[in-house]
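Take a look at these structures.
Look at the two complexes coming up: chain A is in both, with chain B in one and chain C in the other.
Right after this comes the complex of A and B.
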């Protein structure tokens, strides 16, 4: 074997796990789901190919309303996550000392050691009618009867922000960490105040991290299932719930598959729109071209 | 102290915990001059500059700009601008936006911003660079943009923190001259810090030599070079032959010193009065030594150090060719290695290795300082 073919083989072997992962876990299932979604049931065990499942989606307002609602709440959650995550990331990357930085970062990771389910139940213990917060409010006399803090949109949003905020913090810390402090100092030295420096220097610099974090957070939120169900209850109207219902409750796999594809297309469209509006490209979030 | 200085420091001290980074520095810089602070890395130069810019607070002392204390002013309210060591141009803005940033912070009108940006780009010699990205600029161009970005704001003082450090040698030589030209063209007071003595000597009106957080000497480049007042300055500014030794004798004109390897020479006391037996260091500049072929002189009194001149016989060990600054290495009969400038003109006496030569220099050419940290013997 000559050098070239050895190099090719090495490359292939290095890429193999990645290609397998893409093929088996991403391409194959989606192809399967997609073909499933185009199958129309005309009689028991008799199928034809057609767009019927998609048309059903548009014919029934509750379906596309749920999808729109899910998307807009996901956008809201993404924005809130940024507002919460940015100051934390900025503190970790730029203000905290070397030693505190590691501890804080680890602190942010701790919630990930507990499963989604347990975390959601944690919220329930706090917020339900007989829960910690309600009892406390009664004890202080602010309210006289037990209050139900679960099963409303605000709780779902808070729970989702809590669940995904880490995925905003991590990319932000890494971009801000790579930012030379002298850029910030130059911003002040040339006459900028705190707000100007933040708005014109720090945020533009951190844009790739902000975009990367936002995409991850948005996708995770739009595709989340446990948190909306547990904190928002049966009528939280999250789109993943509809998919679940089609697959499991109604046993209508064809329609569930169509919904899944629609969710993917719709969230991708939203991300694309967000990138266009912020003037960023997907490539620039991955690699910053700097001289 | 009649004249108001553009920048004045009074007893400025900075402690980081128990460590004193800047130790009671006082100086005043007259308007429109080029002032350099020269010192080895870690001596506290950047710390001093950051205190002037407002990024660090002095532990003691006062800093005045145009006669007014600025200690209570935030960094963005001080009219001193800083060219950072790595320039800190904003990578997400183009050249014109970088320059306009400060003007926009000041609330200057749009048309005025465009006019002043174009004007300053013209003055730094990059009139068409406005729309370029920072990444498209060469090292020297970045340098000029960083200066333009500050100068457009008309600062009282421009601080420069080793801005040439990142450039390659050739460009550095060129930028030295360019910086000096820019300074005289703008007429602004420049405070330039560097660890490179040639940068400081070439560009400055006055230079402060800094070591361990203190100013060792402040003076014109010529003064520092010819009349250093401490051993550190003599060693740091310019090249010197440097020999440790002891004072043998005092006479009306100076001292006679014996170096540790046994070379006897006449020297003058440059850093205060010395006593017999004091441990000293002697500095002799290569250009103050004249080299002649051994056959041309009477070699018998070659090792006699008592006269007006020092004379020393030796043999050439090597040549350090560097164009007009070529030097030869001579091993004296006492075993000392001496670096001396190669004579540019005169008879060709064949300076090949091994050739016997006579070195001669005046008493004032060998400057003698008490050795730091050593008590006088006896």
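Right after this comes the complex of A and C.
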């Protein structure tokens, strides 16, 4: 065999696993739920094609309210995560001394590796009626009866921010770490105050990191399941819970598939919009961030 | 700190206090989850009733510890099996993907690269339901056509493994590609010139160079699989991995602190894996001494 045909053979052998993976586990399954979502049941085992499942979604306020609620909470959580995460990342990358920097970064990474389930469980132990915070408040005399701090929206938002904040901090630290300090010094030398330097120099420089962090955080929040249910209770009205309900509890796969497609459309549109507005691409943000 | 810029002192103290507060916020639920594994009470809640190891070793009825809890142990074993297989699959496909994208040119390469990254931005729940729908569709079809029920396409471990691998492959591909991109190809050429075969060059030059990326991404794959919940939830059959077993118990009122014992175990386990992966990363960044690799391999 000559060099060229060896190269071709190698190419095909490398393409095979890639195509199998993408076709069988990504493209075909999504085509599958899309087809299923367009299937309407007219009688037992008799189906027609139509947009009925989507119309049901818009007809039933509880469904689209849940999606709107999930969407607005996800945007809120992403914004809060940035507000909390940026100062911490800036401190780690630009203010902490050499040794402290490594320790702080490691301190951020280790909780990231702990399962969401364990972290949500920890919050349950802290916040429930018989939990640590409630007992502490009673002990100090601020309240006289046990207080239930779980199962409200504020707790869900704090819990979600807690679950995802490290996915904002880690890319921000690596972006800010690569920024030359002299850029910041030059900003000050040219008469800028702290705020101007932040707004005109640091934030534009850190944009790829900010976008990467925001996309991941937004995606994880909109698609999260454990945190809203465990901290918000059975009535937390999260959209993924609706999908579970349709699929597993009611066994109504057609409408569950339609809900899945809607969630996917919504998250993809938001991610696309974020990339467009910031002039970034998936390869320059999310991919770089993972590697 | 940038030496030439000195913000006012009170500001810096306030800033430091906030950072400290943030780390307290980060660690508080982990400490709570771990500490109550040692509370001598039937519930993981206040008041503190004294220290016990019963939630690890207990074997008498109300206090059944982790070591005697059949379902949790089973879940742990299932998770280990799934995570190991998912890591192997993800490493193999990640390795072929990285060679495909770093070494070859083919039509629609840009589109394919996009498709490779996309699984990372699909919510896990959607990956779960879409694979469930496709597999069940095929299984139903086969059953009605040939009268044979393909068990492996019904919810169960094979689907859990495929579902998790569907997005973990992206992670391993990206990590291995990043390392392969920095590889100096003249090393391979030198080996070819010295008469080595393709297989030999791959096994003795390229693969050892990729080792840190393989170990690092393998650990990440293992951990992500072990902790996965959203995708698994829809694909799980009768053998539930640990996360699903734990979740079912958490929803029940009156679950015992044995859950805290499992949590502590998971935290220690993932903390250790995290440390290993950090050290592997350090090795990856450190300048390589030219003769180190062959000598250490010879000695080992």
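We take it that the second predicted complex is superposed on the first by the 248 of 291 C-alpha atoms of A that agree within 3 Å, B and C clash if a C-alpha of one lies under 4 Å from a C-alpha of the other, contacts with A are read in each partner's own complex, and residues count from 1 in each chain.
Here is the rule we go by: contacts are C-beta pairs under 8 Å (C-beta built on N, C-alpha and C of every residue); 3 or more make two chains touch, one makes a residue touch a chain.
Predicted, not measured: the structure shown is a model, and the values here were computed from it.
By the document's definition of touching, both partners, chain B and chain C, reach A:185. By the document's definition of touching, of the two partners only chain B reaches A:193; chain C does not. Put chain B and chain C next to each other and count what each touches on chain A; the higher total goes to C. Within the superposed three-chain model, A:205 lies in touch with chain B and out of touch with chain C [touch as defined at top]. Shared-chain residue A:119: touches chain C; no touch with chain B. When the two complexes are overlaid on their common chain A, residue A:58 makes contact with neither chain B nor chain C. Of the two partner chains placed by the overlay, neither chain B nor chain C lies in contact with A:47. Residues 185, 188, 290-291 of chain A contact both chain B in one complex and chain C in the other. For chain A in complex with chain C, the residues that touch the partner chain are 7, 10-11, 13-15, 17-18, 21-22, 24-30, 32-33, 36, 84, 87-88, 91, 94-97, 104, 106-119, 121-126, 128, 130-132, 134-135, 162, 166, 181, 184-185, 188, 194, 215-216, 219, 222-226, 230, 240, 243-244, 247-248, 253, 256-257, 260, 263-264, 267-268, 271, 282-283, 286-287, 290-291.
Contacts from chain C toward chain A in the complex involve residues 1-2, 4-5, 7, 15, 18-19, 22-23, 25-33, 36, 43-47, 92-93, 96-97, 99-100, 104, 106, 112-127, 129-134, 137, 162-163, 165-166, 169-171, 174-175, 177-178, 223, 226-227, 229-230, 233-234, 243, 246-247, 250-251, 259-260, 263, 266-267, 270-271, 273-274, 278. Within the complex, the chain A residues that touch chain B are 180, 182-183, 185-193, 196, 200-201, 204-205, 207, 289-291. Interface residues of chain B facing chain A in the complex, by the touch rule stated above, are 53, 55, 74-76, 81-82, 84-86, 88, 90-93, 101-102, 105-106, 134-137, 149-150, 153.
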